[in-house]
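The block underneath contains the structure these notes are about, expressed in structure tokens.
First chain written, first letter: the chains are A, B and C, and each begins at residue 1.
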Amino acid sequence: MDKDLKISRKKKINQAIAFSLFTFLSYFIVAILFVILAFLIYKGIGVLSWGFISEMPTDGMTSGGIYPAIIGTLILVFGSMLFAFPVGVMAAIYMNEYVKDGWIKRFIKLMTNNLAGVPSIVFGLFGMALFVNKLEFGDSILAGSLTLGLLALPVVIRTTEEALKAVDDTFRQASLGLGASKWQTTSKVVLPIAFPNIITGLILSIGRVSGETAPILFTVAAYFLPKLPSGIFDQVMALPYHLYVISTSGTNIEKSREMAYGTALILIIIVLISNLAASRLRKYFGKKVKMN
Amino acid sequence: MHKIESKNVNFYYGTNQALKDISLSIEKNTVTALIGPSGCGKSTYLRLFNRMNDLIDNTKLEGQILIDGVDIYAKSTNVDTLRKNVGMVFQKPNPFPKTIFENVAYGLRVNGVTDKKFIEERVINSIQQVALWDEVKDKLKKSAFELSGGQQQRLCIARALAIQPSVILMDEPTSALDPISTAKIEELVYELKDKYTIVIVTHNMQQAGRISDTTGFFYMGELIEFDQTKNIFTNPKEERTQNYITGRFG
Amino acid sequence: MKTNYKKFQEKFIEGLLMLSGTVTSLTVLLIVVFLFSEGLGVFNKKPIDDDFNLTIHAENRISKLSPSQVKNIFDQKIKNWKEVGGKDEKIILFKIDDISDFYTDDQLGKDFKNLSWCINDYIVKHRGVIAFFSKKYISKNFKGKILDVDKIKVSEFLSGDEWFPTARPVAQMGVKPLILGTLWVSLGAILIALPLGLAAAIYLSEIANSRIRNILKPLIELLAGIPSVVYGFFGLVIIVPLIQQLFNLPVGETALAGSVVLGIMALPTIITISEDAMRNTPRAMKEASLALGASKWQTIYKVVIPHSASGITAGAILGIGRAIGETMAVLMVTGNAAIIPTTLLEPVRTIPATIAAELGEAPNGGVHYQALFALGCILFIITLVINLLVEFVTKRKTLSKH
């Protein structure tokens, strides 16, 4: 009995040590996050102003605002989603509602997973080779949006698929049982139920796309272009690329630090908003669905 | 002295009372069956005997449970020692992702046994007790997942036996098994009675009738009737018991 | 009629959906085609600028040299033609900048009008000469011999120690320093991220109560959402100077800085995937362990971790994959020196960073451009292997469950 108690005590001590270590490390990670956020917010908040987001950059991008970069990023996000969202949602519907389990499904799934794993710089290379050079779009909004769209595609497909999977099969059976066709069932029953989760996925991919730099380096991003584009074959500035440029190779890195902090903060704010919006939406719709 | 004694036990999940004023006593080396409709609190009650419910947040226990005359919820009680003394077998076979041998050795190892020879003897002995030895003696080093469901469940019983408990709790141990495996386990329970005190939850009336000495009928968190099995099945005092065992509800 | 129309509509929609379903496969295919057709093109090219020529004296026996021989000649490591299979003759390097040492302004003429003649003259007069100059200075009656250079070989590409694609006269395209740089940085990242990530995954899935988990999980998702260029910027302004001071280095832009930044970036992947795997451990399995008297911690390391081993492995592999492919953050903090790293405290250059830094300057379709695509191929193959590995690891798990 005495030995039992000793062992029991040893077990308790081991557990206490292990658990406090894990707890500590977890909070350490959270602390890292807070340091990153707090630092960038602290440095960036003073830079933010109406002028910062509404004016053209001046003096070799050491002062003025980042208006064209903001607009450029908005255009690119919109353009890429214009491609990735419908195609991705349709692909997911095909995968989840139409194709039967088998090698086709497995193959498409494998390819989608592979595409998701392809590094963003490779997308950049590909976009340059195909859109910029082969199809002769040049460095343009079109080329950049398509490149970003392809990058976002697996994300959209995956989140949509999950949303569709979460729809209980009984809904489908009930609808099909009433004589509705497959597409009627999908469009009238499945999609409305899955809609909130699909939109959540869309918002998250917007957050992702808006921060991507490598794919736009050689497909659209302009180093310095203090005017707005007039068509889809124009170049634009973009926030992530702008941050890269002014923090590493601008005309005067020291002088543009302020601008860099502001730009970094804007990027973080975009991510924060999209994450927040996604989780809000999930909660809001979650409640609504339950009430029905 | 009774082997297990339950005195006015109330149990709550949050505000939801799952057990209401349960009192009973169980004798040494007997098989006690707990029966009742789904959700009536059988599992909850069973899990009080090895303090498994401690793991669930936001629960509350009132009353007392004594094993060998000791209050198992007293401050001075060591949970490790209690769980070593009270083994448990679950509804679905749940071997660990380890070899057959290591599954059975697990309880010894986590309780600080290091003597190789001793562990080996115990493992072999326990596997023999559940009549699994001939089937697995050549593949002790193989993954336990390679066994059939019935074999896995017997392995889980062997695993519980290896640390030599005096009480074994079984929560619907055969509900996931085919009739042949079920028969084997029932036979085993009958044999184990010589050495252990067994409490078994079951939905199968015939099973309760075949293997148990005493039966308790639960209904909506209450213990409606607790008596010799033969009395419960041939001459129940309560109408609700009668209705249940004749299959009129539940 | 109506049902016919409906049937047609159904078919049409299904076709459309199927088409969308093939887009990802098609994209992968196109990526492969474009990447490899451009990338493999580099092995069909000579590592010498199309507009330039290497020339030697007409009587020199040599007619072809390998890129590394040319490099060694111009680095003056090879000083005699016999070392490359020619006659015993001292090698005389001729660079166009030196022309005025040999010819007067008068001879060269106004606006270097007679440059071609002078070059020709020089080459004719020196038996051991090797000259490198633009094709446009080759006159009609050129008396020298144009030297051929071997194509770039796959083996040289993969094992070459030097990456200097704009080097003259021959570009140096050895990817070894880049591959090693990538591996060093990624390995360092995973060494930082794996223990931290595992600890957090264990904490989230087994220790923290649901309230804390519901707060922490979104925070970790947030960590995943921050753009890599912001991580790079943070690394640049905080981690780089910190490392410089801490280790007393001349520059803080080092492999270590890259590893730290990438490690932070790989955390969410590792945490999310291993936590998912751990939470998939059947409750009954954990309870069985506890019921045998095991402590919670014993249950975690003896049951939960072995049970989720494949998920944890998958998380780690994917984390490495992320790190290998990451571009911007690394580009901004590792210093980008294409040298073979010997410690984590030196600047390194990774494959993705090389592509990002150089593609803008490489002329379309040239050797350099194609070499960068070849780097893309290497990167693509690595990620493919990683994906298949993950597929394999997770597949094995589903098999063992049944």
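Heads up, the rule we're going with is that a contact is a pair of C-beta atoms (placed from the backbone, for glycine too) under 8 Å apart; a residue touches a chain by one contact, two chains touch by 3 or more.
From a predicted model like this one, the values you see are computed outputs, not experimental measurements.
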*Work through the pairs of chains, note which ones touch, and then classify the graph as line, ring, star, complete or other.*
complete
*By number of C-beta pairs in contact, which two chains lead?*
A-C
*By mean Cα position, the chain sitting nearest the middle*: A
*Calculate how many whole Å lie between the centre of chain A and the centre of chain C, each centre taken as the average of the chain's C-alpha atoms.*
24
*Any idea how many Å lie between the Cα centroids of chain B and chain C?*
59
*Taking each chain's centre as its mean C-alpha position, how far apart are chain A and chain B in Å?*
50
*Out of chain C, which residues touch more than one other chain, so two or more?*
295, 298
*Please set out, as single numbers or ranges, the residues of chain B touching at least two other chains.*
80-81, 84, 110-111
*chain A: which residues touch two or more other chains?*
11
_chain A - residues contacting chain C, complex_ = 11-12, 14-15, 18-19, 21-23, 25-26, 28-30, 32-33, 36, 39-40, 86-88, 90-91, 93-95, 98-99, 107-108, 110-115, 117-122, 124-126, 128-130, 133-134, 150, 153-154, 157, 181-183, 204, 207-208, 210-214, 217-218, 240-241, 243-244, 247-248, 257, 260, 264, 267-268, 271-272, 274-275, 279
*Tell me, which parts of chain C touch chain B in their complex?*
209-210, 282, 284-285, 287-295, 298, 302-303, 306-307, 309, 400-402
*asked:* Considering only the defined contacts, which chain B positions touch chain A in the complex?
replied: 78, 80-81, 84, 110-112
*Quick one: which bits of chain A touch chain B in the complex? Just the residue numbers, please.*
1, 3-5, 7-8, 10-11
*chain A-facing residues of chain C, complex*: 6, 9-10, 13-14, 16-25, 27-28, 30-31, 34-35, 38, 195-196, 199-200, 202-204, 207-208, 216, 218-223, 225-234, 236-238, 264, 267, 271, 295-298, 300, 318, 321, 324-328, 331-332, 352, 355-356, 359-360, 364, 372-373, 376, 379-380, 383-384, 386-387, 391
